[in-house]
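Each of the next two complexes has subunit A plus one other chain: subunit B in the first, subunit C in the second.
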Partner chain A sequence: MANQHSITSADEAKQHPEYLAALKELLYQMADDDFILAYRGSEWLGLGPHIEEDVAFSSISQDTMGHAVMFYEMLEELGEGKADDLAQLREASAFRNAILVERPNGTGHYKENPHFDWGYAVTRFYLYGLFKQTRLESLVHSSYQPLTLAARKMLPELGYHLYHWQVWMNQLAVGSQEGYDRIMQGVEKVWQDAGDLFVFGSKEVDMVKFGLIESGQTLAQRWLEKAKQALDACVLPWPGMPQTTELSGRAGQHTPDLTEVLNTLSEVYRIDPAANW
Partner chain B sequence: MSENKQTFSVYEVFSQKSPTASFTHQFSLLAPNHEVAMTMARENFMRREPAVNIWVVKRDDIYVLPPEERPHLERMDNKAYRETKGYGDLQAKWRYHKEQYERKNAAK
Partner chain C sequence: METQIESAVWEKLQDVKDPEIPAVSMVEMGMIHAVDEQDGVVTVQVLPTFVGCPALDIMRNEIIRQLQTVEGVQEVRVTFVYDPAWTSERISEAGREKLRQFGIAPPPVNHKPGDPWQVDCPFCGSPYTTLDNLFGPAACRSILYCKQCKNPFEALKPI
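Up next is the complex of A and B:
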């Protein structure tokens, strides 16, 4: 990583416009990734395979939402406005999450015929978790100190999430033909979108130059190794290089599914954004 | 679903609050095997309390004292010496016997 001396506070970051712009861009990507995927996780409430898993999955989604809050609060400190507003009042085109996290859980709607895909849930949350771990491990060495501290706090919690999903992967993939098929379908579906995770957008060069994070290319390599080990452990074939989506989530290009998500999750907040919750 | 139920078992969950604490029984849950039981355990029962370690035990693997044997756990109440408090009046007893001995000698 580059030379940069460490920036210890939001106020200090604000004195360097180029640094600030790259930092904000990175924070939006991470906040939006966690926020939208946590929302997708929360849509499983009451629909998990059994009651114990329902509680565990909901708890994991809460944790992930908590991580998103930490990133939004950092943006608030950097002068981007209230964290709640950032999460709930922006238009879809302002969101920087990868396409993978906005994909619906399956067919149907939460309130109407939810025919959600458990194989996709397990593979998406697990493979995204491995990506997030790779990203946080890189952030431990970030030049922005508040980010290194946050990454250190998040890593143990994420480790537990990964343990949870890895057990599910293994149970399903090794347990029966149906489980194996559904996990494989999940992996294939994740693979169609996975490339988008490692696109860090127009500010990537600055992010690397300022020592905020390593390049998407570097992280992709590490993730590929982790993913390979994970699939090997479940005796699943290697699907090759992941594809890149037509739309680039980091550039604010999104599917109509994200708009629907944002309309649903901010419905109440938008009635009266000034109210105290 | 009915097929699923047959392969699920009850697991008892124990946790340890600190490395020197005893394991405490938390609750039970349904799971198809130890691995799944373990992943469910923390999020279901240790969301608020700290835990440094967890045990999950299949309830069927716990050998329980048969109900007809349980009355035999009752003990006669003449074994105070096995309890710590059995040593509490040792000095008083010693004094008593000493006085008895001295009185006997004086009478001679």
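Up next is the complex of A and C:
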């Protein structure tokens, strides 16, 4: 990627239609991944194992949503419309997030009978965090300069999120039989959707050709190494290669859970998109 | 060369505080990258601390409000830039001292990612502290406890 010509601004990117299309597709994937997962994290507020966790989890979710905002603002600069509209007014089929991030936290609703699964929360946020770290590390060498700057800025922040989830994962997995079992179940559940993270959709060839990011397969290899180390540290068995998933979030295929998420989070915004906050 | 208005702007920026840490100015936090003035139009380049910081809009409005009172300023533009990236190394010595007085331990100097993070109590200076929560009331802060003087306190995360 080092030999690629570097694009330094949105205006410059707009002069190359194919480059622009691949860049937008990549930005939607990253923005939507962070946005939807941050929403799922926010649903945990008041329901965490203790009050310190509520503080920490909210802070992580807020920071993650901030990363999503930065990606949506890049799309705005590229002529996609207002960042707020991109987050709140698109239909589910326009979303490019991976299936993993839209899965519910458990059964019930955060306002009514929430039976949320903490083992799944810890494993999903940790393993997604490792994926995000892998993706950002690749973006540090991206041909789109605003993206390299963003990635450099986000990586140290993400380091704190990862440290938090790593502590939880280790303490639960080595603490008691119940903790171990629930982390195990969490890993198995994450694994069912993990393959979808590394499918970059119809524009992947162009993304790689233009030096925007390395291929999904390359990133998958690196993530597998990180994930293996993480599971080894907790003496958890290796679940093997994740299988290909039935749905592909990057192709706009989603579960009904995403529609419900979008209806809830955009409810107020849709009443009056012109309101000032 | 710095214009007269630019020097006046720098001075005024000392009055713009981080809304979450009102003891310290944005200049002392190392968040002001550059000030430029052309025919009364002032551009201020700001380096965000954390990407997800919800205080950024408040800071932008506060900069505009304060600088409009500077003589000769017609218009104020605030842009957030990420090159260079803000790091906790950018906090000035005066800023570090004010953080301490406010009850927030400043981040360590010359900290490398992965280094152990030893935090001294901002009240009594003791290194005998424990980390209660890596995350605090804002993304940039953690919550600690001093076993010496038995005070809870916050610390700015090194990044």
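We take it that the second predicted complex is superposed on the first by the 275 of 277 C-alpha atoms of A that agree within 3 Å, B and C clash if a C-alpha of one lies under 4 Å from a C-alpha of the other, contacts with A are read in each partner's own complex, and residues count from 1 in each chain.
Assume contacts are C-beta pairs under 8 Å (C-beta built on N, C-alpha and C of every residue); 3 or more make two chains touch, one makes a residue touch a chain.
Computed from a predicted structure; not experimentally measured.
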Item to complete: Classify the contacts of A:Gln171 with the two partner chains as first (subunit B alone), second (subunit C alone), both, or neither.
Response: first
Item to complete: Return first, second, both or neither, reflecting whether A:Ser59 touches subunit B, subunit C, both chains, or no partner chain.
Response: both
Item to complete: Would you sort A:Met154 into first (subunit B), second (subunit C), both or neither based on which partner it touches?
Response: second
Practice prompt. Please work out whether A:His67 is in contact with subunit B alone, subunit C alone, both, or neither, and reply first, second, both or neither.
Written response: second
Worksheet entry | Partner chain(s) touched by A:Trp238 [first = subunit B, second = subunit C, both, neither] | neither
Worksheet item: Once the complexes are superposed, what residues of subunit A are shared between the subunit B interface and the subunit C interface?
Response: 52, 55-56, 59-60, 160, 163-164
Worksheet item: Contact residues on subunit B for subunit A in the complex?
Response: 4, 8, 29-33, 35-36, 38-40, 42-44, 47
Fill in: Residues on subunit C engaged by subunit A in the complex (per definition of touch)
48, 50-54, 82-83, 85-86, 113, 132-139, 143, 157, 159
Fill in: Interface residues, subunit A side, partner subunit B - complex
50-53, 55-56, 59-60, 160, 163-164, 167-168, 170-171
Worksheet item: subunit C touches which residues of subunit A in the complex?
Response: 52, 55-57, 59-60, 62-67, 69-70, 146, 149-150, 152-154, 156-157, 159-160, 163-164
